[in-house]
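There are two complexes below, and they share chain A, which is joined by chain B in the first and by chain C in the second.
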Partner chain A sequence: MSSVELKSIVKKYGAVTAVASIDLSVESGEFVTLLGPSGCGKTTTLRMVAGFIRPTSGQLYVGGSNMDGVPPHKRKVGLVFQNYALFPHMSVQKNIEFGLKMQNTPFEERKDKIIDALDLVKLRHLEHRMPSELSGGQQQRVALARALVIRPDVLLLDEPFGALDKQLRDHMRIELRELQQKLKISTLFVTHDQDEALSMSDRIVVMSEGQVSQIGSPVEIYEKPKTRFVTDFIGRSNILSGKIETEKSNKTCLNAEGLKLPNVSKTSHKSESILVMIRPECVLLKKPNSKNKITNYKNTAKILSIIYLGSIIQYKIKVNNGPALIVTESNVGYSDPKKFSLGDTAEIIIPENAIYLIPG
Partner chain B sequence: MSLNSDQNYGALWLLTPTVLLYLATFLFPLILLGVLSFAKFEASITTLGFYFDNYIKIFSDGITLKIFFQTVRLSIYITFWCLILGYPVALLMRSCSPKIKMILLFCVVSPLLTSIIVRNVAWLLILGRSGMINDTLIQWELISKPLPLMYNEFGVILAVVHVYLSFMVLPLFGALSSINSSIEEAASSLGAPFWRVFLSITLPLSLPGIMAGCTLVFILSMGVYLTPVIMGGNFILTLPMLITESVREQYDWPYASAMALMLLLAIGFMVVLSSGLQRLVSRR
Partner chain C sequence: MSSQEHYGSRFPYRLLVGVVTVVIFFLEAPLVILVIQSFTAESYLAFPPPSYGVRWYKEVLTSEDWLNSISLSLIIATIVTPLSLIFGTMAAFALDRGPKKLKNGLQAIMISPMVLPHIVLGLGLFKMALELDIDDSMLAYIPAHLTITIPFVIISVGASLQTFEVTLEEAARSLGASRFWAVWHITLPIIRPGLVAGAIFSFIISFDEFIITFFLTTFQRTLPIEMFSTLMYQVRPSIAAVSTLTLAVTAFLTAMLMLRGQITSGNKVIK
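Moving on to the complex of A and B:
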């Protein structure tokens, strides 16, 4: 049974469509991320699940029951906000206790559950503190404990790490995912941060302008994007328009704005114009004259710019008679870090499996 | 600090007109008031000195103390009704669109923009013996005798609440606006119905606004003069009326000064009490 199910959910504000027909289900124990730029309708979708926004049309199920006309307080959802939204006038313990009180949990049971919840987020020692006496990360953990203690059908997280600094964010990411897997709680996570989405999710729903662009596992989303939008939004990529051409040897090849590539499409329709995606990290740069037999498609390029980013070095290159590309190489300390300098000529190798054709 | 001390002093001198004005119109009269309140007034002659006659009179003549407490009671009623009527308005102002917010704000502040005489005459036309309400009700034969809508406590409270509502609504609106709505949403998602969210979250978090509004309205109500005079006829007596009367009818400045100081002390006590309470609440 799925924990959350959206069937052609639409939300319109007058003439403006915030969410245009979303179909989505979060299976029991699954971690699903709504990923997209701001204004894509991801938060609106989450708020519809929580019950703060009423869908214009469509069906919404939480824990198997239809949520039409069910107010937020009668839905069993645990909600965590970006700004934590702790009750500032209540201690940590009282914050966590609030939901239990609303469920009329007996006092003794409440005490045990609060302790369990505090242990879960490793904050037992801060039980009597006020929210204003906690750091951002601690506040977010209290918010998480408060949402989890009521045993919701689904945990809804609205950019929960947006207000934390980078190190803490990375840390919380791992902690939350571990917690989620331990409790096997169905989770709907909203973020605009692709690193968060890729590292935590079972499935990612990429949204754009109120519509679902693609639903898939992190690997599918990153390596096999189905639309131009997903390709652009996830990771950095080189997108070129390509054409199938026939060479002298009667073999077909892919001409991407002048860059000759092997034909990976398996078709030979010449007129077709296709989008070719090449991830920057998949392109290899070699010194010219270095011997290699990986491919017949030899292209040379000139280094236009070099950006040193620590763990990686990012080059901008211009392929001879072809397009400009972004290429990244991991900075392996023992190889010559200054392999190339500005203006150098390099030989570029693009493995066949690094070339991806965007459908549509 | 990037400013050097010379510049600081230069800026301070700009305060001179304000300081002089305050000294002349506030501090000096206040000192005069203090001195006069210990003077003796006998046979229309004021003798300066250190006499407690006026204070003894306040506590022993039976009427002054009674009127003082009546003033306090009236002020509490006014404050209470301002709070009860103002809170929903502030809540509404917080949740509605900016345009409607502006309209509501204008409505709330509009009594302050109207001349006090015009306002009270308008009330006369509405509440009077042959005013709009009584006329209509008699015409419809719902009542046979005019209802006593003014020249009593009801009329005074209604008219004062009307003006002072804005002093309640504005601080309340400020306090309510500063509550992040996601806090209330969090409570609601944890299973709290709307009334529970209000009682457990919204109300306690708006307490600073309640305190500020109540203190403000109470202080103003303690000193309100003209509206009770018009709306109360001679039936409602307040301390400010007594003070005025003492000066204008009996020329008894010393006694008026003592009563004025007492009023000032009562208000000061309220301010201290409310700020103390507020500190207590925010520390919790």
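Moving on to the complex of A and C:
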């Protein structure tokens, strides 16, 4: 049984369509992320699940029951906001206790559950602090404990780490995912940060302008994007328009704006216009004239710019008689003999499995 | 030192201090004189009094007329304050949470009694009270006072609501609190400074109200009306004593208001 299920959910504000017919589900124990640029309808979708916004049309199920007309406090959802939303006039312990009190949990049971929840987020020692005495990361952990202590059917998080600095964000990411897997709690997570989505999710729902662009595992979304939008949004990529051509040898090849590539498509329809995606990290740069095995598709390029990013080095190269490409290489050390300088010529190798075609 | 440097030249700074001193002197001097005069032991008002005593306080606190009017005013203010707080808070919520398009217009209508000439308001309420045959009674005083106290609650509570983070209420609702209990447990405690300010304003304004009440009374007398009638008749030191008592109540409530402001803003850091 799905923990959350949205069937053709639409939300309109007058003439503005915030969410245009969404279908998605969160299976029991699954971590699903809504990923998309600002304004694509992620928050609206989450708030409809929580019950703060009434869908214009469509069906919504939480824990198997139809949520039509069910107010937020009768839905078993745990909510975590970007601004933490801790009750400022209550201690950490009282914040966590609030949901239990609303459920009329007996006092003794409340005490045990609060302790468990505090242990879960490793904040036992801070139970008597006020929210204003906590750091951002600690506040967000309290918010998480507060949402989890009532054992919701689904945990909803709206950009929960947006207000934290990068290091803490990376840390919280790991912590939340571990917690989620330990508790096996169904989770719907909203973010515009692709790294967050890729690193935490079982499935990612990429959204664009109120619609679902693609649903898939992080690997599918990154390696097999189905639309131009997903390709552009997830990771950096080189996107070239391609044509299938016949060579002298009567074999077909792929011409991507002048870059000659093997024909990885199953068809040989010459008229077909397609988009060719090549991830920057899949392109290999070699010094020319090295004794590499020469392939049919030998392209050379000139180094236009070099950006040093620490763990990786990013090059912009111009393929001879072809397009400019972004290429990244992991930095294996300062004394790397393969290092290039501005203006150098390099031989580029693009493995067949690094070439991905999207219907144009 | 630093403030003088801040102004660049000492002159504007000194001018400012001078102007403020003069203004405060002219505002406060009559009050100070009145308070001192109230402690006269003579049977007439003089400054400075030739001899001191609490004779006139004794007279006021044993006079039936004064005691009746003081208790009437206290009773009205005590009934008006909670009602004003309830209705004003409800109106402030409606304005804050209702359609944004209507907000400015509705708010202008709701707080207009604050700026309307009270004499016009009094006349209107007087005609209405006559029609309903409720003049010279609580049934007239209380709604009349509410029309002018509620706007103060709307403004003070409205200001608190504006800075209130609505996601807190949503968090409470997702944790199982109905809308009512979310407001009760979360919103109201957080906007308490606004509620307290609204209540104190309501009490002071009702206790002090003269013009509108004057239209509505025939035989009954609230404290300000009793003071006015006594003055019409003769200026006696008892007036100074009553004034000082009124001043003390008002000053006490105002001090509480200001102190609360400090305590609550301190709260945010410490507690």
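In the analysis below, the second predicted complex is superposed on the first by the 354 of 360 C-alpha atoms of A that agree within 3 Å, B and C clash if a C-alpha of one lies under 4 Å from a C-alpha of the other, contacts with A are read in each partner's own complex, and residues count from 1 in each chain.
By our rule, contacts are C-beta pairs under 8 Å (C-beta built on N, C-alpha and C of every residue); 3 or more make two chains touch, one makes a residue touch a chain.
Computed from a predicted model, the values in this text were never measured in an experiment.
The superposed arrangement places chain B and chain C in clashing positions on chain A.
In the superposition on chain A, no contact is made by A:285 with either chain B or chain C.
By the document's definition of touching, both partners, chain B and chain C, reach A:88.
In the superposed pair of complexes, A:52 makes contact with chain B and with chain C alike. In the superposition on chain A, no contact is made by A:62 with either chain B or chain C. Shared-chain residue A:132: touches chain C; no touch with chain B.
When the two structures are aligned on the shared chain, A:79 is found in touch with chain B and with chain C.
Using the contact criterion defined above for the overlaid structures, shared-chain residue A:103 touches chain B and also reaches chain C. Looking at chain A, you'll find residues 50-52, 71-73, 75, 77-79, 81, 83, 85-89, 98-99, 102-103, 143, 146-147, 150 touch chain B in one structure and chain C in the other. Contacts from chain B toward chain A in the complex involve residues 180, 182-183, 185-194, 196, 200-201, 204-205, 284. Residues 50-52, 71-73, 75, 77-79, 81, 83, 85-89, 98-99, 102-103, 130, 132, 143, 146-147, 150 of chain A are the ones touching chain C in the complex.
Here chain A touches chain B in the complex through residues 50-52, 71-75, 77-79, 81, 83, 85-89, 98-99, 102-103, 143, 146-147, 150, 156, going by the rule given at the top. The touching residues of chain C, counted against chain A in their complex, run 165, 167-168, 170-179, 181-182, 185-186, 189-190, 268-269, 271.
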